[in-house]
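Both of the next two complexes hold chain A, though its partner changes from chain B to chain C.
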Partner chain A sequence: MKVIVVGGGLVGSTLAERIASDGHDVVLVEQSRALVSELNDRFDVQVVCGNGATVPVLEEAGIATCDMLLATTDSDEVNMVVALVGSEIFRVPKVITRLRHSGHEVGFRRIVGDNAQRVAINPEHAAVEKILSLMPVPGAVDVVPFFEGQLVIAGFLVRPKSEFNGLLLSHLRLLFPGNPVLVVAMRRDGEWRVPHGEDEIRAGDLVYFAVDPVELDNVMALLGHRHGKERRVMIAGATRIGIQLAHRLEDQKVPVTLVEPGRAEAESAAAELESTTVIHGSPTDRELLGEEGADAVDGFVACTDNHEENVVACLLARKLGAAHTFALVDNPALASLIADLGIDAVISPRLLSVGVALHFARTGNVKRVAALLDDAVEAFEAVVPGTSRLVQSPLAQLGLPRGILVAAVQRGDRIIVPGGADRIQPGERVLIVTTAAMTSRIDDILER
Partner chain B sequence: MKICDAIRPELVFLGLSAGNAHEAIEVMAGELAASSKLDAAMVESALIEREQLGSTSVGNGFAIPHCKLANLGEIVVALARFEAGVDFGDNANHEPVSFFFAVLSPPDQPAEHLQVLSQIARILKNADLRKELIEAADVPSITRAIESAAQQEGL
Partner chain C sequence: MNSRFVVYLLGWLLLMEAGFVCVPLLTAALFGESIKPYVMTIMIAVIAGAVLVQFFRPSDRHIRPREGFLVVGGAWIAVSLLGALPYILTPGALGAVDAFFESVSGFTTTGSTVIGDTTVLPRSLLLWRAMSQWLGGMGIILFTIAILPLLGIGGMQLFKAEVPGPVADKVQPRLANTARSLWGIYVALTALEWLCLRVAGLDTFEALCHSFTTLATGGFSTRNASVGEFGSAAVEWIVIVFMLAAGINFVLHYRVLVGRGKEVLRDAELRYFLGVVLGFTVYFVLTVHHAGDRIIDTVRISAFQTVSLLTTTGYATTDVELWSGAAQLAVIVLLILGGMSGSTGGGIKSLRTLLAVRSLRATVHRLIHPHAVRPVKYAGVVVEDSVLSGIWAFLTAYFLIAIIGAAVVALAGYDVLTAISASLTAIGNVGPGLGEVGSYDNFVHFPGFVKITLAVCMLFGRLEIFTLLAWFSPEFWRR
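And then the complex of A and B:
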């Protein structure tokens, strides 16, 4: 497949790299000369220097024969023009554009019509959805449902006091004999792996569990995570994300306190929201957070436009006793620095939009893609065709490469964790977890 | 709940013998009933029911049979040693079992139940502890060995 990515920022360059590593032919278009030379040094992807919203530059990038166009610059207006030129002039089969303002999305939709191959991604919506999916699972850094919610993958950082610290993975079946609870991926000392056999869980590990939802509270209890004293959420920052989140929580009848440092912003938020209590003040003011009851909240979400301040606010809330803290951080360097400080989840709208775009970019039997943290480990839910290698013999005899794990199978109306002696049947749905290095092997294993 | 606090010397049974897993659970349930207010038949059937979901043998000659039991006020941990070993029907994976850590829990304490199971599984990784439990001549040596292993594991 030939793919053009316009915009060489974090989203564009990450997408270009990932799509190229899937084996596609990628051209990246970027206007800034400085950034182009940096991209040339860092990536093995062809880069065209120029304004991607103009036809000659797009032609130079090869739009006439392009199968997929992604518009990922920081400007909604530029992305809109790129996407419309690709869609309406060159009839590119698949077009994806990043649009932050929902008003732009409305215009885009009116022009391209109701076409499933024309996708607008709103990173802020994606961030709100992510926070809402994490909120019911205190302590989780990521929660992704599979098999229509019959199984969830939830990632947790294991703390020294956790009852999982020192447990062998083989013991999970002892603790949870009836319902699926297994570890599908773990990161230790910066290294990711899909675990096998006698691995031991240790403090400091980031561990992804595949869990039957009825066991989630038990897993959380062993991890030492708990719900807050009150089912209340505190949001720092009346940004678009903060306001959207408050609206959604109001719909769920969850009490919300919104702290906003700007007086005008606080007043306009108070006028727009209904049951939410809006406080004018600094989200890094410890005394204020204490007075407003940050100690008892179930969730504390810092989503101001100042991402360093979000980190500080979350650390303060955590110290006061908030059960579950979320910081909006778009800078991967900052995100990796704070990984072990005790903030439960770092939300990056930009990286979330990468995940959504990759999801759309993939085709074939893979019905669902979930890019897990760091993009280093992925989980796929897919239907296994009769022609697949997977159905030919019991799992243990397939000789699957290390780094690929068939974690669960939907068999009838049950989810089972297959053992080495189990054989996958044609047409069954499976959950496969792989390290990024092995992702390109998946199509091979599923198809042949 | 800490594993050391859950172990009671009067519920450590040494010198037992049985022909198979079911019989071993029956023998232990009988000992347990004689030393506590528990009903032997109820304990036995609940443990057997759990065993049918999958063997609780964890290898190296140890098993952690467990169940939830209605009307129990607190978690009960009993230890039982079968000097000649017991065929646990799990021989494909593990050798015969000679030492039980049995855990009986009130149904309304799922987290504490899992905590105790997890702590037992964790201390049993310790080869020195396993050796001492198999070889110990009396109950105090057993409780001391467990306390020291738990401390090493940070419990």
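And then the complex of A and C:
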């Protein structure tokens, strides 16, 4: 498949890299000459220098024969033009564009019509959804639903006091005999792996569980995570993400306090929101956070446009006693630095949009993709075709390489964790977890 | 100050009023009563009006806010003075001060009366009394705007001065069309009530008088014991419904007519207003119900007094002075609250109460959260600080004037309850009060200076304070 990615920023380059590693040919279009040579050196993709919103440049990139076009620049207007040129002039089979303003999304929809191959991705919307899915699960670094929410993958940092400390993975089944609970990935000493039954959980591990949602509270209890004293959320920063989040929490009847340093921004937020208490002040003002009860909140979300400040605000709130802190951080270097500082979850709108774009970019039987922290591990939900290797013999005899785990199967309307003797039936949906190195083998295993 | 134009406009208003006096003139002729008072009134009005219009023809037709206040305030005083003539000229009816009081009470839709026995008056005079309320209800200036094209752009200044409210709503792009729409709804509702009352058994004359004074939220009745004298539950329910309609913002009626009824149901002020009606009705039922009464009668009587006082109509079907102290206290609160903004009712208006309470809540919120940004919102929109401070200024002025009015009544030797309720009922344009001015009492026993004071309070209340208050500022008269 031939793919054109317009925009060589964090989102564009990450997407190009991931799509290329899936085995596709990628042409990256970038305007900045300095960036072009850097991209050429770092990634195994062809880079075209020029304005991707213009037809000649797109033609040079080979739009006439391309199968998929992704518009990922920082400007909504440019992305819109790129997507419309690709969609309406060149009839590219699949077009994905990043649009931050929902108003642009409306216009895009009107023009391209109701077409499943024309996708607009809103990174801010994705960030809000992510935070909302994390909120009910204190301590989780990530929560991703699969099988329409019948199973979630949730990552937790194992603390020294946790009951899970020293538990053999094969014993998890004994702890939770009724519903599926298993570990699908873990990181120890900076190294990722897809574990097997003889591994044990240790303090300091980052562990991803695939669990039935009804068991989440039990897993959290055993991990030693707790809810806050009050079911209340404090948001730092009246950015579009902050305001959207406050709106959604208001709908859920959760009391919200919004802290915003800009006077005008605070006033317009107060005008727009209903029950939210809007405070004019700095989110890194310790005195102010204490005054407004940051110590008792269930969740503290820092989503100002200054991502370093988000980290500081979260650490401060954590120190004051906030049960669960979220920081909006796009810079991967900063994100990796703070992973162990005690901030529960780091949200990157840009990387989230990468995940959503990949989900749409992957064709065929793969339904849902989630990149777990650091992108070192991926989880797929896929329909198994009759021609697949998976249906030919019981799992133990398939000889699947290490690093690929068939974590769950949807059988009828139940989710089961398959054992070595189980056999996948054609047409069933499975959840497969792989390390990044094994991702390119997924298609082989599924398709043939 | 463009005083020529102000005087010129007043001349036109007098000519117009002369036209309205033709209605009681024809009635008198029809019933074989003396037509002399009306003929004389019309002559005086036509001569005065013609002189003013002829000799004060202005070169500049520009109306600034100052002229607006002067025209509107002056118009109400001039119209009331002229409207007093038929009472004076009818043999054996009223003295000059009493006539002025009755006329102001009429045009301001208050409904306080100095007439002890209505049965001795000619029917044509009773009709004029009811009609003065009907004309004052929707506003004489608004009427002028609707029919006379002489105001042009300046009309909005007058509109704002006569229908001040916290916010002025134009339902149509052109002011004249807005005025016509509002008057059209007013006329239609009056006709509808007349029909209902006819069906319920009232004669044409009494049905018309009561329709006039219901829609104006005025409260003059042709009977000494007010609406209660008919002894008909059907009539009372009809009057309750139309008093409520008159107490609702006419812009909402307009929206229902043009098929935007859904947004009307979401209107916060309407919900609050109906909530107050329901709350006080239940309160009265609980406090005045006696064992042995039929509950349905208690409910009707409670609903009637609640709606009558809240919309500032002032009809009575029972003597609230026989009620308990707890119920009478609620009556005093009702004298203050008033109808919705944009209705024909008086009082401080529900929108002001609603916004004042929200403003208080925001203030308390800021006390608890010193750094909080907490605007006051109405219908999803932030209410400007200038509007809020206008509301607080209004409330301050309202109660100051009410206190001065009460002090004057008390100085004349009356008890506190009479003094306070007479003053509140005057400034709120309600009609009856408590004590010496209860549901079935009248105001004739007050000395002349008290009557004049209360009449001024009524004008203050009808023009929502500021239009007249501006007159008391030295800057207003400066060139």
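Methods note: the second predicted complex is superposed on the first by the 448 of 448 C-alpha atoms of A that agree within 3 Å, B and C clash if a C-alpha of one lies under 4 Å from a C-alpha of the other, contacts with A are read in each partner's own complex, and residues count from 1 in each chain.
As a working rule, a contact is a pair of C-beta atoms (placed from the backbone, for glycine too) under 8 Å apart; a residue touches a chain by one contact, two chains touch by 3 or more.
Small disclaimer: the values here were computed from a predicted structure and weren't measured.
Residue by residue along chain A, chain B and chain C are tallied for touches, and B comes out ahead. Of the two partner chains placed by the overlay, neither chain B nor chain C lies in contact with A:46. Within the superposed three-chain model, A:179 lies out of touch with both chain B and chain C [touch as defined at top]. Residues 260, 263, 266-267, 269-271, 277-281, 288, 291-292 of chain A are the ones that touch chain C when the two sit in their complex. Residues 365, 369-375, 377, 381-382 of chain C are the ones that touch chain A when the two sit in their complex. Across the complex, chain A meets chain B through its residues 160, 163-168, 170-171, 173-175, 177-178, 200, 217-218, 221-222. Residues 50, 53-54, 56, 58, 64, 110-111, 114-115, 117-119, 121-122, 125, 153-154 of chain B touch chain A in their complex.
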